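Paired with chain B in one complex and with chain C in the other, chain A is shared by the two complexes that follow.
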Partner chain A sequence: MEEDFQPEYGPKWSDQRVERMLGALVVFIVGLLLAMIVVVLLHGLPSFLHNGLSWFGAGGEVDAQFQAIYLSGQSGTSDYVWTFHAWPLIWSTILITFISVFLALFISLFISVFLVEFAPAWMTRILQPVVYFLASVPSVIYGLLGVLILVPFIGNHLITEPEKASVAGVISLTGYGLLTAVTILTIMISPLMISIFSDGLRSVKPGWVEGSLALGVNRWRTTWKIAVRAARPAIVAGTVLAVARALGESVMLAMISGSTGFAPNPLDGLIFVFEPSRPLAATIVENVDALSSHPANATLFAIASLLLYSAAVCSFGGYLARRSMRKYGAA
Partner chain B sequence: MATEVAGPPAPQAPPSGKGPTGAVEGSATWSLLDRLGLVICWALGLLFCAIAVAIVVYLFLQGIKFLKPSMLWTPAASGFSENETGGFSDALIGTMIVGTMGIAMALPVGVAITVWLVEYGRPTALARVVEMTIEAIAGIPSVVIALFGTVIFSSTALGFLSRTSGGVVFGRSFFAAGAMLSLVALPLIVASTREGLNAIPRHVREASYAVGKTKAATVRRILLPSARPQIVTGLILGLGRIIGDTAIIVILLGATQNLAPVEGAPFPLDYLRGAGATLTTFVYESSPTGNLDQPQKAYAAAFVLLLMVLALNAAAEAIHRRSRKAGTWSH
Partner chain C sequence: MKMKTLAITALATLGLAVPASAGAKTTLIGSGSVAAQPVLQALFKAYEKNVNKNVKFLYTPDGGNAGIKDVQSGTSQFAGQARTPLPSDAGTTYIKLYLDGLCMDVNPKNSLKNISIESLHDIYRGLITNWSQVGGSNLTTTIDPVGRDTNGGTYTFFLQAVLNNEPPASNVNALTADGLVVNAVKQDPNAIGYAGLAWQKKGIKAVKVNGVACEPKKISVEPLKYPLSRYIFIVLPTTNPSPAVEKFVDWARKSPEAGEIINKAGGVAAFNKKAKK
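This part shows the complex of A and B:
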């Protein structure tokens, strides 16, 4: 490129040409995303069509259904089994995602307020890199630590023997379950929320905060009533993006969520938080080998398209919220 | 609730009255509820620090205990005990190949997209769509990207990028994994480069046009060199994300234990077309929930992976600090 570039106003690198080349690349990326949206849905369509709305419903053992689907594709004949009721997986995804996002929202709000307003300088200097670090730890490492530390701890100390016995016929409580998954997922998504929240808090106009302080409102109240409210778009954006991240988390959850197609039942009382399950994204990673079977492949793509569309809606929401932040936020 | 089991018990927050100085003035006059809030801030901040320290210290201790230097250059082997199964040199090489390929694709594309977005950006509607596309790519679960990759790279036209047997394209290779991982790194590179380009004041561009440079020449000679620190930061963040990804590797690289070159292809291509492993999949497979169940090896590999991530973090931080010290544009 260095040599081609010599005549800097030559026809080869004229502005029109460069703009057209860059434009083509940009259109290609947009096209790639559109292709992804269409292709994933098309590949999953047979599974949706054969099941109709009951795809999203409950009924039967989801793991057994998937096994039957997989085997029917390997049998060599073309009478495929399609019956698939994904509710346990969807319910598990909803539970894990929303509980952890809720907890992370609470934690991240406090930590970002602390970082931006109240922490002394030495604390900020420690906490900021800590947040970056927690954001960059690979999810397998979180998963590994969960499997080897948190799961045995919960399994041996928090779950009592009578509790294990009370559900022994249905599922086994070993420590792999909701509580483990939610705990680690909360730690994983908080850094993302903290960084977006604190960006929002920093871009609040100083005059608003100073005005409130001048009226004699104390610093704590001012922060929560003025700064946090002014940073609302950032809070919405961060939360929505965290939902997308949590929906897509697969490997860590495949390791510690329990990997059972079981829908944890809040009616079971407190042991509900120990019950194992398996969210949608983890299902895909665990069944990679089934991709070679046509109906199983379609089922996995159907799961993927559900994830893709939920995540796309979240990203779109986050984008809109952030745009409004740009309009009202930083001067 | 969940935060109580997230790590070692949180150290007691210092009494809010005298702890912080400077940033917080006179919290002694606050109402009890406000002071309680500040205590929660301190508790959560210290809890996060404690979690980060616990992760690092624990993995360091386990790593020092289980990592033998020979593991770094011994390929994995099959065996009955952890003494017989060799090391993880192939996974280490795999991580390097995947990182290089992913960045080699993501960096030029990401920088080009950002240049178009910031410097050209016409028509405006397309620019909005591109912004949204990048946002969406950042939010799409990596399992979905991986499944989309299986569709692309299993097509007969792209058979030369992976293993082919009897007309059936295997679709799993370093090419496939690298290409899809570049999508994961793309949003980070775009965001960081964009920050760099936006920080350059308008008059710099105008000065360049005034001496007769074309737009393309201005970008090439002035804007990109000025934004280099941010571009490198984006590269490092992207590399960290690629190295830490597991789902795409499991699905698109085959996650075999060893590198599996394709017979009959010339040297670099035979490995790049073949399946392989990375450190993340090695940890995943070696964890008690994986196929191999060799926790000591998992700890050793996770330790090496964590060292890489820490090194990348430190590099990003150093570049950030140096570019800040060098000073930005004065107006």
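This part shows the complex of A and C:
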């Protein structure tokens, strides 16, 4: 191989091989993602164009509208029905996602503060792997727990006959509803938040905490004012991930949320928490067979593009929030 | 040097392998009944995968009548059909493929023995909401109607057989699987739901519909007495039917595997041999 050697100036090809290949891989993945977004938007566009802004509004029964859209695509002619008012689905997504993330935020923050700052070492050693494990349990298992345990409990013990009779004919209060969905979703996203929060709390510079303790500030105040504040970027990151997971959760919510295109109304009083609804992602799962009908296909892709858009807004918001927290010393 | 030899050998092997595996596939074109689609798709998938890898099915669910026209004009090689033959179907041959049959189930705590099609219609359209409005039940509570989401073959059949193609009311809880419907009826004393014969097990109670019990012999033996049962046909042109389609129909009608697929997808296998256990 001696004769192959040629002195060269600049980096040799063999030195650049890895970075070129990795670069190509990144370009490929980014291109694939962009192509995916464009395809979803293009497929969904007809539904948005025919409905305009009223697509996002309320009006009529969303399930009946979708049925009409689906059947018009199967009739063989091309006079399609497009009318679709997605508000009940959007409202359901907002309710379920934000209530769950709000509850999970507090639960997870206190649990991770306890795990990192207060729990004895042996307990952290046991609990931390359990939390990591729970964060990776497939959502359909949580859905099964909901169907087999929580739904019959709520349906047979918490909901009373007069409450059911008061909404008879409009919706069924059977245990499949907001309360079940929020409870299970909170349980599902909490481990994810705890694992990110506790990693963040652990990477707080020890000097800051020790300095505070040395000044005579008590342990709780030090934790709350120094450690949790310094870990805020991690808290934002964990919350953004949790919102994204809650937004995109489909199978589990399709199983327990009640599967009705109904917008739960807080003015109904206590039964509000039992009212069924169906978020956007679950709507796609429950209607995949309708993809063969052209207008139904466009409507489902319109729902998908709304979900993509929300996920993008959510991660961009998280990025902005973290940028303004650079001074706390985290990435 | 060694690497180069290896690379060339690998390339040569690939070059030989590609043309051998890329055999031309025969596409069989069908159209017709929407109600038959879930079962037909399941049969197509299994046939393409396990029986004849060189066949590909393309099925457009444009409705039974349109499917017959497609067969008559020659644009489709076969059609799915859920109604019995009419005089206008000249030039086509109807073959019974399988049966649609749905049992109506209630919780064992409900003393209901029999229900009429009209009551079922009113319950699933949200017109009757209390068990006291349905004769023969000991309950005086609100009815919890349970059904399938739009993906289910049973949903389509129920829509056509009971609801006259009107969509179910908003108080019908649409679940994502037949097993979840059965589970919901098992857990809720006030529930009513529909599921195929294969699901009739402990914990739920099948009621008579218009006085006829939901039993295999009432559904699968002629004449069809049970109101929620009907034949699903596959329709071929009488002259020169495609041999590939005939082979598929033969498999779907007779083999035990196809029978299991039909039962799982929401139909009732009528002619298939029982699988050995």
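What to note about this one:
The rule is short, and it goes like this: the second predicted complex is superposed on the first by the 298 of 331 C-alpha atoms of A that agree within 3 Å, B and C clash if a C-alpha of one lies under 4 Å from a C-alpha of the other, contacts with A are read in each partner's own complex, and residues count from 1 in each chain.
Keep in mind that, in the parts below, a contact is a pair of C-beta atoms (placed from the backbone, for glycine too) under 8 Å apart; a residue touches a chain by one contact, two chains touch by 3 or more.
Since the model is a prediction, treat every value here as computed from it, not as a measurement.
The superposition on chain A brings chain B into a clash with chain C.
Judged by the touch definition given at the top, the superposed model places A:Val147 against both chain B and chain C. In the superposed model, B is the one of chain B and chain C that contacts more residues of chain A.
When the two structures are aligned on the shared chain, A:Thr183 is found in touch with chain B, with no touch to chain C. In the superposition on chain A, A:Ala290 makes contact with chain C only, not with chain B.
Once the two complexes are laid over each other on the shared chain, residue contacts for A:Ser172 go to chain C alone; chain B is not touched.
Of the two partner chains, chain C is the only one touched by A:Thr260; chain B is not. Look at A:Gln74: by the touch rule set out above, it reaches chain C but stays clear of chain B. Touch criterion met: A:Gly155 reaches chain C, while chain B stays clear of it.
Residue contacts after overlaying the shared chain place A:Pro276 against chain C, while chain B stays out of touching range. Taking the listed stretches 95-103, 239-247 or 257-265 of chain B in turn, the superposition on chain A shows a clash with chain C for 257-265 alone. Comparing which residues of chain A touch chain B with which touch chain C, the overlap comprises 147-148, 251, 254-255, 259, 285, 288. The touching residues of chain A, when paired with chain C in their complex, are 61, 63-64, 66-67, 70, 74-76, 147-148, 151-152, 155-156, 161, 164-165, 167-172, 174-176, 251, 254-255, 258-262, 276, 285-290, 292.
Note for the complex: chain B touches chain A at residues 1-3, 5-6, 19-25, 27, 29-30, 34, 37-38, 40-42, 44-45, 48-49, 51-52, 55-56, 58-59, 109, 112-113, 115-117, 120, 126, 129-145, 147-148, 150-151, 183, 186, 212-217, 219-221, 237, 240, 243-247, 250-251, 255, 280, 283-284, 287-289, 295, 298-299, 302, 305-306, 309-310, 312-313, 317.
Those residues of chain C whose C-beta lies close enough to touch chain A in the complex are 34, 37-38, 60-63, 66, 126-127, 129-130, 141-146, 149-151, 167, 169-176, 180, 183-184, 187-191. Put simply, chain A touches chain B in their complex at residues 5, 8-9, 13-15, 18-19, 22-23, 25-27, 29-30, 32-33, 36, 39-40, 43, 99-100, 103, 107, 110-111, 113-115, 117-121, 123, 126-127, 129-134, 136-141, 143-145, 147-150, 153-154, 158, 179, 182-184, 186-187, 190, 218-221, 224, 241, 244-245, 247-251, 254-256, 259, 281, 284-285, 288, 291, 300-301, 304-305, 307-308, 311-312, 314-316, 318-319.
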